[in-house]
C-alpha cells in the first residue's frame, strides 16, 4: 500500500468521502423536508451553501424537499408599497391587500430565487405554492381571533410532490394555501414543513433556525441538548425553561414525530454547511427529536 | 321515437353535446397551447369563462397548456413602487429592479390567480415559470439594442410539461426565463407560447388577442380572414396591409406552423367563450393558419 | 365582454357545453353499464341516437359498457326457420335447437350491428358474448321448472372487460353464457347487465326500457318517481302497486345497488337522447335508485 | 442409471416430451396464424384434436391465432331459410340478405363454437369478427364483376389481436369485415389469415386443407413436395401442374412469405394432430414455403 | 379422420404431448425447487437427462430452481489437497481450510458445470451462491457441538431469485451462506432447498435422492408410499420404521409443507427422467407429501 | 455566517463533500467497468479500500461493474495440487486439468471473496462468470499457437449485467467464458473488462495496475502522461518507448475507446483510494485515454 506524498491531500479527501459512506447508505432513498428560513435566507454565502448541501443530498440519493418562509422580504415590500401593518397580540393582521403582497413575494420572488440557485448549482428544482395541484388546503386560523387570511392546514395532497420526486426534481414549496372558500391563506412555514413531512412519512424534518438548537439552560449556549425522545421533549415543552420563539418550533417537531416522521431536527442555519453536518456526522450539530430509541442515531 | 314536450329544452341541449362530438373526437388527446392575455385577463367574467373553456377542454380529452403575459398588472405595480419606466423606440428598458417586479407579478400574482381559478372550476392546475425545471432558457435579445433583461428563447425543455400532462394537470406557465449567466430574462408571452407549441409539436397554438383576427381590410371588421395557408400568410405579412401590433403575432403563428405546429389561431379574447367557439365549431371565430390544405378543417 | 350578435347561436351552444361540465367532471373515469333493448333497439333513429350518446360518454371520459338483449329479431328468425316455440307459464321453453338460434342471432347479428354502429360513429367497439374469455358462467335456472337452456349467472369474470376498457374500447356484450357442463345458456339481459355492473362496482347501471320509469300510480304517467332509496324501493316492490313487467327490472336494480353499484336507473329508451339526459341533467328523466342519500344527485 | 421395467411406458413418454424440446425452444414466443376450415371443421373428433393441438401450442409458449371459414354451415342455413344462391362463374352472388346470414352463422355460430371448445379444453379464447376493434377493413372485390358483398382486405389493425395475446388469450377471428361505406363484406378466410399473418409478421401461416399438400404430380399422392422456396413456388404456380382449388391457397402462401411471414404451410387437416405434427416434427406432414434457405427447417 | 400409416409413429408422439397437456396447464407459471444431488450428479447420462427435464419444465411454463449439493467432488478435492477430515459423531468438522475448499468446489466447479449443461441444452441458467445478493443468511449450527463452519439458515432473501425468474433465467444455487460475522457457512443442500421453497411459497419441493422414496417396509422396495398427508408423514417420522438417512429428508419435506409449500416430493434420482415422470404423470414415481387432500393429485 | 471553532473539522469535511459534488453530478447514472487485479487484490487493506471506493461510487449514483483476474491464487492452487505448468513463449499452456482449477479458483474463491467484501461494506453484489446467462462467448485463441483453453471473446451478452444494474446490484464478473463447443475458456481479465465496457458503451473503463500509469520516459516515474487522445496513444504504442507489460493494457484501452467507451484509465492500484482519486479529482492520478478533446476533463 502506497501513500505517496504528492497525493496526501487528495487521499485525505477520499477518506472523508469514505467516512460519509455509512450515512449515505443509511439515508439512501429517504425523504427529508427542510424548512428554509431565517439568517440562512439572508446571508448570500449561507444561502449558497444551504443550496449546495441540498443539491449534494439529492445527488447522493436522498430526496430533499424545501419549504420556505418569507421573512424580511415581505416586510420590505409592504413598506415600499406603504401598506401599514396592524398587529393584534403581536401578530400581524393579514388583510386582503397584505395577503396579495405576501403571496406575490413568497411565490414570485423568494421561491423563484431558490429555484434559480438550485438549478445554477446543478440540481433540478421546481417551485410551487400550496395552491398548485391543490397541495395545501387551509382554513382560517381563528385561534388568535380574526386576524385575516392566516390559515391552518387541513389537508396535504402529496401527489404533486411525489410526481416531482419520481422524476428527480427538488420541490421548492411556498406555503401559501388555498381554501374551499376560494381564498388564499398564509400559513406558517414551520407548520407547513411539518405537515408535509407527516403526509410523506418523511425520514427527517429539519428546521433551519437562528439558534443553536434546544438549550437545557436558556442562558448557556454550551447546554445544547443533542437528542430528545418524545417524552423528554414534551416534558421540556411544559417545563417553562424554553424560549418563547422556540415553543412553536418544538411543538411542530413533536407533532411531526407523533405523526410518523422518524426524526425532527432543530439546527442552526447560521452555521456553515449545517445541513450536511447534521445529516452526515455522528453527533450532529443541533437538537434531534425521535420517538424513542437513539442507539442507532445517527447510525 | 318520442320527443316529449316537457323535455324539449333538455333534448335541445343533448343535441348540442352530440354536435360537439365530431370535434371532441377529432381533438381527443391533442395538445393545445393557449396564450392568455389582453382583455380576457382583465374582465372578471371573461377570465372565468376562458378558464371554464380550458377546464372543459381538459375534461373532454384535450391537453390545454396556458402561457400567460402580465400586462397592466405589471405597470400598476411598477407605478405603485415608483419605479420609472424608460423607453427606447417604444420598448421598455428592463433594468434589474424592473425585472424583479416583472417576475414577482407574473409568477407570484397572475400565475397563481390563474391556478386558483382553474382549480376552483374543477381542473387541476400547476403554475410554473420558465425557470422551474429549466423549462425556458433565454439569452439577451439585442435586436433592439441593449434594453436590459429582455430575452429571446434559445431552448425549451418540455420534460416538466409532459410530466404534468401525464398526470392530468393543466400547466400554467409564466414566461420568465433563465439564462446561462444566472440572470432572469423576460420573454414575450406570444413568442414563449409559440416556442412551447413548437417544442411539443402541438396540434394548436391559440393566441387570445383584443382584435377579431386578421382583417384583409384593416378598416373593415367584416373582412376577417378565416383561414390562411402558410404562403398566403407570408404574403400578407409583407403586404403592408397588416396592423403594426398584429405583425409579431402573425409572425409567431407563421414560425410555429413552419416548425411543426399543425394550426395556429389568432382569436378575439373579448368574445364570450371564444376558445370553445374556435375549437368546437366549423367556422371558428378568428383567423386560422395552417401549412396547406384546409378541406378537413375544422373537421 | 362582447356578445356579438353573429355568434349568438354558437355562444348559446358553448354555454350548453359549459353547463355539462359539472356532470362530465363528476363522472369522469366512472363505469356505466347500459342494458340496451326494447324500442331503442327497433327504431332506426333511436338506435343511432343511443349509440351517439354512448360514443359521446366515452369521449368525455366515462366508461360505458353495453349489454344487449335480443328481442323480436330472435322471434323473427325462429319463425323463418319454422321452429315452434312452446311456452310454460308464459316462458318460452328453450330447447337445443332454439338455443342455437338465440345465440346465433344475439352474437352474430345484433351484437355485430351494435359494434358496426358505434364504430361508424367514431367509437371503438368490440363485441363479445359471455363465453368469450369465460366472461359469464351460468347454470340451469330451474326456478320455473325445466324450461331448457335458460340460465342464471353464477360467476362474472371481468378480465376481458377491464382489458378492453384499459385500451379505450367500448365492450358490447351478448348475455349468452357458458356452463361447466359445456352447454350454452341464455340469460336475461337485464340480469346480466346487473351482474356485470356489480362485478365492476360500476358507478351506474342503466336499464333502457319502454316505460317512463317507476310510476307511483300505475295509471298516471305524471306520477313518475324520480329517486328512490333502497328502503323505499323495497317497500314499493312489495306494495302491489308495481306493474308485472317492471318487477324483475326493479328487483335487478335493487340487487345491483345492494351489491355495490352506486346508482341504478330505469329510463325511457323511447325518448330521444334519454341516456344523455339522465346523466347530464340535474333532474334526469327516469327513476334512479341509490343506497341512501340523494342530496348530491346528480351533482 | 436405472430403467426399471415398471416405468417403461412412462419413460418412453418422457422421452417423447424431451424430443419435442428443440421445437418448443425454437418456436417459443412465436406467432402462428392458423386458417381453420374444411373437414377438420366437420368431423367431431378432428375438431377436438385441432383445438387440443392449439391449446397445447399456447401452453408450450407459442401464440396461436385462429381464423376460420364457414363452409357447409352457411349453405345449410341459407337452405333452411330458403335463400336461393345465384352463381356467376361459379362464384356465389352475395346480396344483402345472404350477407346477413353469412355474418350470423360465421360470428354467431361457428366462431362461438370454436371459443367454447378451446375454453372447455383449458385454453382462454375470445372470438371476434373483422368488425370488432376495426380489425379488418375491406372494400368491394370487383375482380369477378359485381357479385355483391364480397370484399378484399385493404387494412389490418392488429391492436385487438396484440391486446389479447398480451393477456394470454387465443384470438378466434371470423373474417367478416367492415367497409368505409358502413357495409359488411365477406372475405375469403384463407386470404384473411394470410393478411393477418403478414400484419403480425408471424412466424408461421398454416392453412388446414383437405389435401395432402402440394403434389408435384397431381395424380400421385406420394409426390408431395415438402419444402419450396419462393422461386420454386412461383414457378410451380405458373406451371399448369397445379390443381385449380389449390391455386388461391398457394398464391396466399406466396404473398404472405413475400410480405414478411417466415414460413407458410399447406397441410392436411384430415390427418389426426396434423398441426402438432407439422410443427413438432422434423419432416412435417404437408408443404412448407419459405423465402429461401431450408437447412435449419424445422430446426 | 385419417390415420395414415406412414405417420403412425408421429401421431403416437403427438398423442403423448396431448396427454401431458393437463399437467402443463396445471403447473403453468408455478415454481418448483429441485434439490439436485446424489447419483443423478455422478452419472453422465443421468446428469444430462435431469437437466433436459429441467429445461423442458422451463419451456412448458414452470419455473424450476436448482439447489445443488457437492458430494464426492468435495471429498476428492480435499483428498487431493491432503486436507484431512476429522469427524465428530459421524459429522465432518469444517474448519476454515476445509470451508474454503467446500465453497470453491461448490460454487466454482459444480455450480458452473450445471450452468454449462443447462445452457448447452437451450436453457438460460445463472449460477449463484447464498452469498450473492445476500440470498442465504446463516449462523453457526451448534446442534451437534462446535463442528466449525456448518450453518443453519436464518434468513432467505428471494430478491435475486425473483429477479432471475422475471427475466426467464433458471437459477442454480450453491448453498454456501454468509453470516453476520462475515464468515462463510456451509449449509445442507436439502435444507437450503426447503428454506428457499418456503420463502418462495413454491408449488413443489423435489428432493432427488438415491432411493425409491419412502418405503412402508424398509426391506421391501415394493412398499413405496406414493402419497402422505402431513399427519401421516409425522406419524411415520416417529414410527421408527424409517431409515436413518431418510429422516432429515422427510423432516425437511414436512417443514416445507407446514410453511407453505404445496407439495414436497422425495424421488429416485437414479431413474431416467424421474423429474418429468413425477410431474407429468398421474401416479408419479416417488413419495409426495401434502397438507391434506390428495384427490386432485396430480390432477 | 458562523464558523464556530468546535465544528471546524466537521465543516472542513463538509467542504470536501461539496467539492466532490461536480464530479458526482457529472458521473451520475454513468457506467464504470473496473478491472480489479494486481497488488490491490493481494494487500488486505488495499482490497478493502478498493471495495469501499466501489460501494461509495454505487451510493453516489454511478454504476460500477467489477471484472477480476485471478493471479497468484491460481498458481498457488495449481502448485498445491501438483499440476505442473508448461510454458510456450512465456505463456502458460492451459490444458483441461489446469482450466478446471482456473475456473474453480476464479469463480469459487476470488469472485465470492469480492462479493463477500462488497456486501460486508454495505453494497449489494452478485458474482457471476462469463458462462452465467451466456455473458461471455469465447473461441480458442490461436494467436500464440495452440496453448489450450485460452480464449478470445467473440460475443458479449449484456442482459445479465443490465438486469443486475436495474435492480441496484454491483455485478462482479469472473472472465471464464463458454464456447460453442461446450468447452470453458479462460480469457484475459483486462480484455474481458474492455469488451464488457464496449458492449455497455460505458462511461469509463478503469484498469487497476501495479504501475503509475503510462510514463513518457520509462525510467522516470515523474514522467507520467495524464491524458492522451487516441492519436497520441496509438503513436505511443508504436514508439517503442512503452514497457512490454503495458502494451496489452494500452491496446485494450485504445480498442475500448475506439468502440464507444468514453474514457479509459490506467491507474495505480497500489495507491490508497486510487479509484476515488481518479474519478473525483481534477487531475486524476493515472493515465486517461479519450477520443479527442480533454478540455472538460474531468469536469
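Labels A, B, C, D, E and F are assigned to the chains in the order they are written; within every chain, residues are numbered from 1.
The criterion applied here is as follows: contacts are C-beta pairs under 8 Å (C-beta built on N, C-alpha and C of every residue); 3 or more make two chains touch, one makes a residue touch a chain.
In this text the structure is predicted, and so the values were computed from the model without any measurement.
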item	value
Distance-maximising chain from chain A - centres being C-alpha averages	D
Mean-CA-position distance for chain D and chain C (Å)	37
Chain centre separation (chain A, chain C; CA means) in Å	55
Per-residue multi-chain contacts in chain E, two or more chains	none
Pairwise touch network: line, ring, star, complete, or other	ring
Order of the ring members, counted from chain C so that chain D is second	C, D, E, F, A, B
Touch list for chain D against partner chain E, complex	1-4, 7, 10-11, 13-22, 24-25, 28, 43, 45-46, 49, 52-53, 55-56, 59-61, 121-122, 268, 270-273, 276-277, 280-281, 285
Touch list for chain A against partner chain B, complex	80-81, 100, 103-109, 111-112, 115-116, 119-120, 124-129, 131-134, 159-160, 163-164, 167, 169, 176, 178, 182, 184
